[in-house]
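One structure, pasted below without further comment.
Letters are used for the chains, namely A, B, C, D and E, taken in the order the chains are written, and counting of residues starts over at 1 for each.
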Amino acid sequence: METKEERQGLNFYFFFCQRIDKEQEKNRRTIEKSMGDKVRLFPIPCSGRIEPIHILRALEKGADKVYVLTCREGLCRYREGNLRAKKRVSYAQKLMEEIGLEKERVELINLKKENGMTIDTLVEDLVGKKTNIGSSPLNKPLL
Amino acid sequence: MKRESNLKKVLSAGHFAVTAECGPPKGADEGPIKKKGGMLKGYVDSVNVTDNQTGVVRLSSLAACVILKEEGIDPVLQMVTRDRNRIALQSDILGASALGIRNILCLSGDHQSFGNQKGAKGVFDIDSIQLIHTVKTMRDEGKIIGGEALTAPPQLFIGAAENPFADPFSYRVLRLGKKIRAGAEFIQTQCIYDIPRFKEWIGMVRDEGMDQKVYILGGITPLKSAKMAEYMNGHVAGITIPEGIIDRMKKVPPKDQREEGIKIAIETIEALKEMKGIHGVHIMAIEWEEIVPQIVEKANLYPRPSL
Amino acid sequence: MVCSEDSFVFPKVERARSRFKNALGKFKIIIDKRCNNCGLCIELCPFGVFKKGAKRPKPQNDHLCIGFVCRKNPYHCVDRCPKGAISLFVNPSFEILGDRRWTGDLLVSTWHMAETGSIPHQGLNYKTGDSRGGFDKLRFVFPEKLPEGTYNGEIDTAIELNRSNDGRPNVRIPIPLYLGGMSFGSVSITTMLSRVKAAAALGTFCCTGEGGYPEELIPYDDHVITQVATGLFGVREETIKRVRIVEFKYAQGAKPGLGGHLLGDKVTPRVARMREAVVGSALFSPFPFHSVYSVEDHKKHVDWIKEINPRALVSVKVSTPTDVDMVAVGSYYAGAHIVHLDGSYGGTGAAPDIAKKNIAMPIEYAIPKVHKFLIEEGIRDRITIIASGGIRTAYDMAKAIALGADGVCLGTADLVALECIRCHHCESGRGCARGIATTDPELSNLVELKWGTQRIINLYIAWREQLIDILRRLGMKSVTELVGRYDTLVHLDYVKKEEVRGEMED
Amino acid sequence: MITAERKPFEEIKEMVKPYSKLLVVGCGTCVAECAAGGEKEVALLASALRMEARMENRVVEIDEMTLDRQCVYEFIDQLTETVDNYDAILSLGCGAGVQAVSDVFPDMTVLPALNTTFLGETKAPGVWMENCRGCGDCKLHIFGAICPVARCAKGLFNGPCGGSKDKRCEVHPDTPCAWHMIIERLEKKGRLEQLNNIYPPVDWSTGQGKGPRKIEREDQMI
Amino acid sequence: MPKKYHIHTSSVQNRLPKIIKSGVIAWEEGCLKCARCVKKECVYKVYEKRGLDGESMVDSTDTMCMDCFRCVQNCPNRLIQKGINPLYRDMGDEYWTPDIISNIWFQAETGRIPVSGAGYGGPFSGPGFDSMWTDMSEIVRPTRDGIHGREYISTTVDIGRKPMYLEFGDDGSLLTPIPPLVEIPLPVIFDLLPFSPPGDNIPQSLIAGARSINTYVIMKWSYLKEKGISPLQNIIPFLDGNTDDIEEGVIKSIPIIEIPDRGEPVSVQNRLNEINPQLVVMIRVELAPGIEEKACDLTKKGAHTLHLCADEFGNEQAEKPLFIKDRVRSVHGTLVEKGIRDQVTLLASGGIAMAEHMAKLIICGADCVAVDIPLLVAMECRICRRCKEGLSCPAKLETVEPQWGGKRITNLMGGWHNQLLEVLGAMGMREVRRLRGEMGRAMFFEDLEREVFSNLGQRGQG
């Protein structure tokens, strides 16, 4: 199990529904200051906008771990956006496994609380969480 | 060599016929067939040989029938449309007749996906009713499919299977009529456990006057255990066993369950004997052929008429 | 005279549903796969939201749904569906609809009126927008109880357009509105015809705009106002002779002080023929009239028209500068019958954003300024004031009249009736994606003439109903009584609700 | 509509291994609808292949393109200008598409990324069902517009077989018994007698078994 | 014919995907890929050109949709919806709204003035510049003919001190010393930036832009010196350090300089003029209550030019700040009252975001304005001010090519120039100099509201 510092050596990509944090543009800064380019945040109009290709592209671009944050089930403004996001994430996971990437590299977080959380605390919690995954094999230098 | 079908003779003489089923071995070994034939000889009017039943590869039905015939038994050749196209089927019909086989039971066959050759291509060039009609046309008109004449027609007593318990229930009788019209002369039914439903069915058959046009043999399969009853009910296509029968088996301690199964079989036969429109029974003691004589005896169907 | 005033019969409302598969509304309904197609919802809904479907009903008219308030009704489909298969939610796309002036509510309610000819029932604010000023802060105050002896008969919504007693014909329109100019070339011929036909059916007028007088309009000559503008495009003696009203356009509210500019792409052979120009070359209308440098010059123009067509009334369309009152007086002395004030927040065609927002004053200021000034000059009774530029609703119309106008002129509202969504991209790409303001044949085929005509008729029939309701509540028997009645209005910034005597409209 | 499914990634991976410049070509028609070979699937597969190669320390160049239809020359022609830049084409078309592309560019290696499965109907979002075998001799008018060839496991013309249970096929218990449906539908219409005739053995010569079938229409030819 | 001032604009591609107001949410599940798919019918070909930018993870549907709603309304399975684009919503702030930012982007990209159909969609009025309207005239001398003649409208202004009158000697020789004057063809100079990502590319872009339209850019002398930027053509050094930091040679070589309002600025000005009598000196004065006095004082002492600075939002330094237009109006008014207005040039800056702000501020009494943030926005800045906090710039402004940046700024100024002409043309004015302080040609919200609405609800008014 790696240390927190090592975990913070990883690149995290966060896709999140804009309804989670209306002040995301302001709140994200705290975490970006402490983590720099190691964490990249992408608000999307609805988590249902996430497509497997977003996740694959993120991994291609160097993400070690991709999180998709959706609003609580039943709270989606589009009614089923977060349900669709869930299916798409698991489809992406299937593809990743086929390629040989651990499916744990992408994770869907369905927020349990009401909306109105701050993105920086969410990101901090998730980055601080213990994981078994290390640096992505895609980020290793070519031999 | 002209010999008539014993089964046909028994039935046309108005006797309550008894037939049994015999599964060939999964090997090129004539022993088991001879042994089974030996057990059944004298207790049944004819023995019905399955054709790669449930899609499992076994010694061919035609070969087994020849062996039984040599043992002095009147065999019924089962023929399924699953494995052969119309060319092979018609050719085998001619061959069977030439080898002295006088009964044929036309079936579509269990789907290959149930057997040990799941990747096999199901042929189903023609279906069972088309097969019945083909045999009849070959026999009565001396013509094969497409109308070409045969130098000599086959001699066969044509049978078909019927499941009185299958869906849609109301259509079953209509389909039976279709089989009769196609040329079926005798019918073997699916195993009977649900007597009331069977009665309902035979009543409909009688209403249509079909019992006058075809010999109907009620299917009997003695249950070996409550477990078997449950399994058959749940997993075997086309078979339903009423809760009452399963409960009755369950109430008996396992060591006595075989006995109970036999009892049920005999009771069923007794009931069938009383039913108008039933012309006999077909006992399908799956891998338990040795029990058939006992059942026949206990059902007071022994000895068999010799015609 | 086509409309014999007293016997005028308003056209019938006929249902004219959205031409798109999914009409836009505030709410959205989804029926999921639990549905067993029992059809109860179809039976229950009094608004006709559901339509029979092969697998399950289709909520094809969910734009008519009244939303969550329906919960208290015995016919609430969501609660009564035996399978719990119906879900109702706010249409998520609704938040993108509209802008501050034309809110999503106003768009949807205008579509509703154009579809049904009746007042929206979906809890939409169909009276005011969200501009936080002007009409949106003005409210009518109705007497709590109608005074005794209040007029109980048919309320008259007609107005006279010729008040000058100059011997020219009286022109009476049965509703205090007519439709403003949109030139051929800026809108499709179908749009143009829909407006003209609707105007004819409503017994009022529609202006050609500056771009010629397509022959398709000839059958409706008696309901056409032809425009003479600075480019003089398509102006001919015969077109002037044809009509009952000729409009001089000095300026327009959306681009006051700026000329017009028709992009070369839009100058198709037909447009070029009409405007007597060359195909594919951009056309400019200069600013101002190069032959008018004084009120005297202006009078010469008016006389010229009067000479050519002795029965025509003359309208002068001006924008709203600081001295708009002087301009109006000048128009009167030049011989105009109508002074048409075009405020800065209207306009339909493309205009520079800087002009729309910043140049000249909103119509809410201009009307009372002109009205008061004309009264002071003692000539208010001899000229008709028509106001335009940002009138979106029947309530805006009534407020404009209460501020001092005789009637109003409309443009955007008609386009919204034709399902303009106010994306503001009239000029982008192939032109109006919704087929209204375009000459691209494929796009303009999206609008059917019969449908378009009916939608506009429906809208203004619904407006008239609202106007009648306002007049009735004010105890008036004619719309002419409302003119300049500042006492019926309050401005939210200058009034304390508790001090209002009477019932303030929400 | 022709339906297809993407081949297991492992198989595709092995197939494309020898090539370092690859063009992944989708088809915007049938296989796009069944979410097997449209633009989106092309993007996903290309991305997956790039990553997989990267993980094995190879660098591959993979470009993407989706044709409106991959079985018609005029659409395939869109590849003409660029095709020489690649070592191989990985086609996400149906079998017909793969072969058509290969016919147009005989010197190019064209690899199939899909398993073409059947002719079918989109039953519900994400559910496609076979209902036609292309037998060349349609008899749906007799069977209440339910095809016994495609939808009965045994292809019976004089069904039902007697094995169905709860209206379900004995072979695939999640599939409704076609014969049950035929009978129900005809019964409802009072036309059950249509089944009274014994349907004679079928002439399969209009179907498969005689090599590729071909339709030629003089009036349609230029 | 006078020489036309023309800003040559040309379309300059964006570096990044555009950020537009709303995005498209189109479910794929259940999509029938129908033959006449609404996506294929899209007039703007949004779906045809669809792509995902791997870097910013921005879907092209969020950069191209024009909100016509046809796909939303025609998809048979109702699979398409619209949603607010968070990137758009989160741009800028209350003052620098997303609308303003995209308006600037449009001009910087195309060099054209923003034009739209279907009327105005904004608020009735608002704080700041939104509480006034400019005038027009129905009948005026033609100020232009078609699209070309209007370029004869002059937008030139002068920076420097103007003598109130001229004195001549008996021999007709001019006795009044002519103070230095710098003429700029557009009443805009580029101001110090309140924030900016580091590096030299942005300053270089500003210099390129200023040169291309022939105006000036104010830059800190310490920076210019450190980087050794020379020549200082089109640059106004701002003396951020000591007066001694700048060499005499430099002072002699430049036409204009800015000094802070410290100590006795006029004496600094005089010292500089001793070295270079032709040097125009601007004094950078922060707007605050009471600044009118100071303006009068400095003018009386001989200041050439006062650069009145408000903050990024156009506010002066105060607890309850006045907006720039109001304070400038008051400064202008005070100077007029004192009869000294014409001696001094007033340059105003802070919160100028759009072309109309320039025109309105001139009406309120400024001779010229200085812009800052819009120059960054022209280069795709989103006014997130992350650079201020040391965070990475989402638009990677530090990497702009100065040539590209200069062209974008040129385009923006081209747009502003054209819009200024529109405003002048509508009023029938042929010179921007005449617009200065023309408050009679403007309408103010407070006045109109009081006049028109305050007496509603009362009988007997009409």
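Note that in this section a residue touches a chain if its C-beta (ideal position, glycine included) is under 8 Å from a C-beta of that chain, and two chains touch if they have at least 3 such contacts.
Small disclaimer: the values here were computed from a predicted structure and weren't measured.
**Student:** If you drop chain A from consideration, which chains still connect to each other through contacts?
**Tutor:** one piece
**Student:** Which chains are in contact with both chain A and chain B?
**Tutor:** D
**Student:** Most central chain by CA mean?
**Tutor:** That would be A.
**Student:** Measuring centre to centre with C-alpha atoms, which chain is farthest from chain C?
**Tutor:** So the farthest one, by centre of C-alpha atoms, is B.
**Student:** Considering A-E alongside A-C, which chain pair is linked by more C-beta pairs in contact?
**Tutor:** A-E
**Student:** Taking each chain's centre as the mean of its CA atoms, which one is farthest from the centre of chain A?
**Tutor:** In terms of C-alpha centroids, the chain at the greatest distance from chain A is B.
**Student:** Roughly how far is chain A from chain E, centre to centre by C-alpha average, rounded to an integer in Å?
**Tutor:** 40
**Student:** Hey, how far is the Cα centre of chain C from the one of chain E, in Å?
**Tutor:** For chain C versus chain E, the centre distance works out to 36 Å.
**Student:** Distance from the CA centroid of chain D to that of chain E, rounded to the nearest Å?
**Tutor:** Averaging C-alpha atoms per chain gives centres 61 Å apart.
**Student:** What positions in chain B touch 2 or more of the other chains?
**Tutor:** As it turns out, chain B has no residue touching two or more other chains.
**Student:** Which parts of chain E, given as residue numbers and ranges, touch two or more other chains?
**Tutor:** 22, 25, 28-29, 52, 81, 83-84 - these are the residues of chain E that touch more than one other chain.
**Student:** Send over the residues of chain C in touch with two or more other chains.
**Tutor:** Where chain C meets two or more other chains at a single residue, that happens at 92.
**Student:** All pairs of touching chains?
**Tutor:** A-C, A-D, A-E, B-D, C-E, D-E
**Student:** Under the stated contact criterion, what part of chain C meets chain A in this complex?
**Tutor:** 30, 87, 89-90, 92
**Student:** So in the complex, which bits of chain A are touching chain E?
**Tutor:** 13, 15, 18, 24-25, 29, 32-33, 36-37, 42-46, 48-49, 51, 53-54, 57-58, 60-61, 77-78, 81, 84, 87
**Student:** Applying the document's contact rule, which stretches of chain B touch chain D when the two form their complex?
**Tutor:** Within the complex, chain B touches chain D at residues 82, 86, 108-111, 113-114, 122, 124-130, 133-134, 145, 161-163, 166-168, 171-172, 174-175, 177-178, 181-182, 190, 237-238.
**Student:** Quick check on the complex: what are the chain A residues that touch chain C?
**Tutor:** 46, 77-79
**Student:** For chain E, which residues count as touching chain D in their complex?
**Tutor:** 28-33, 50, 52
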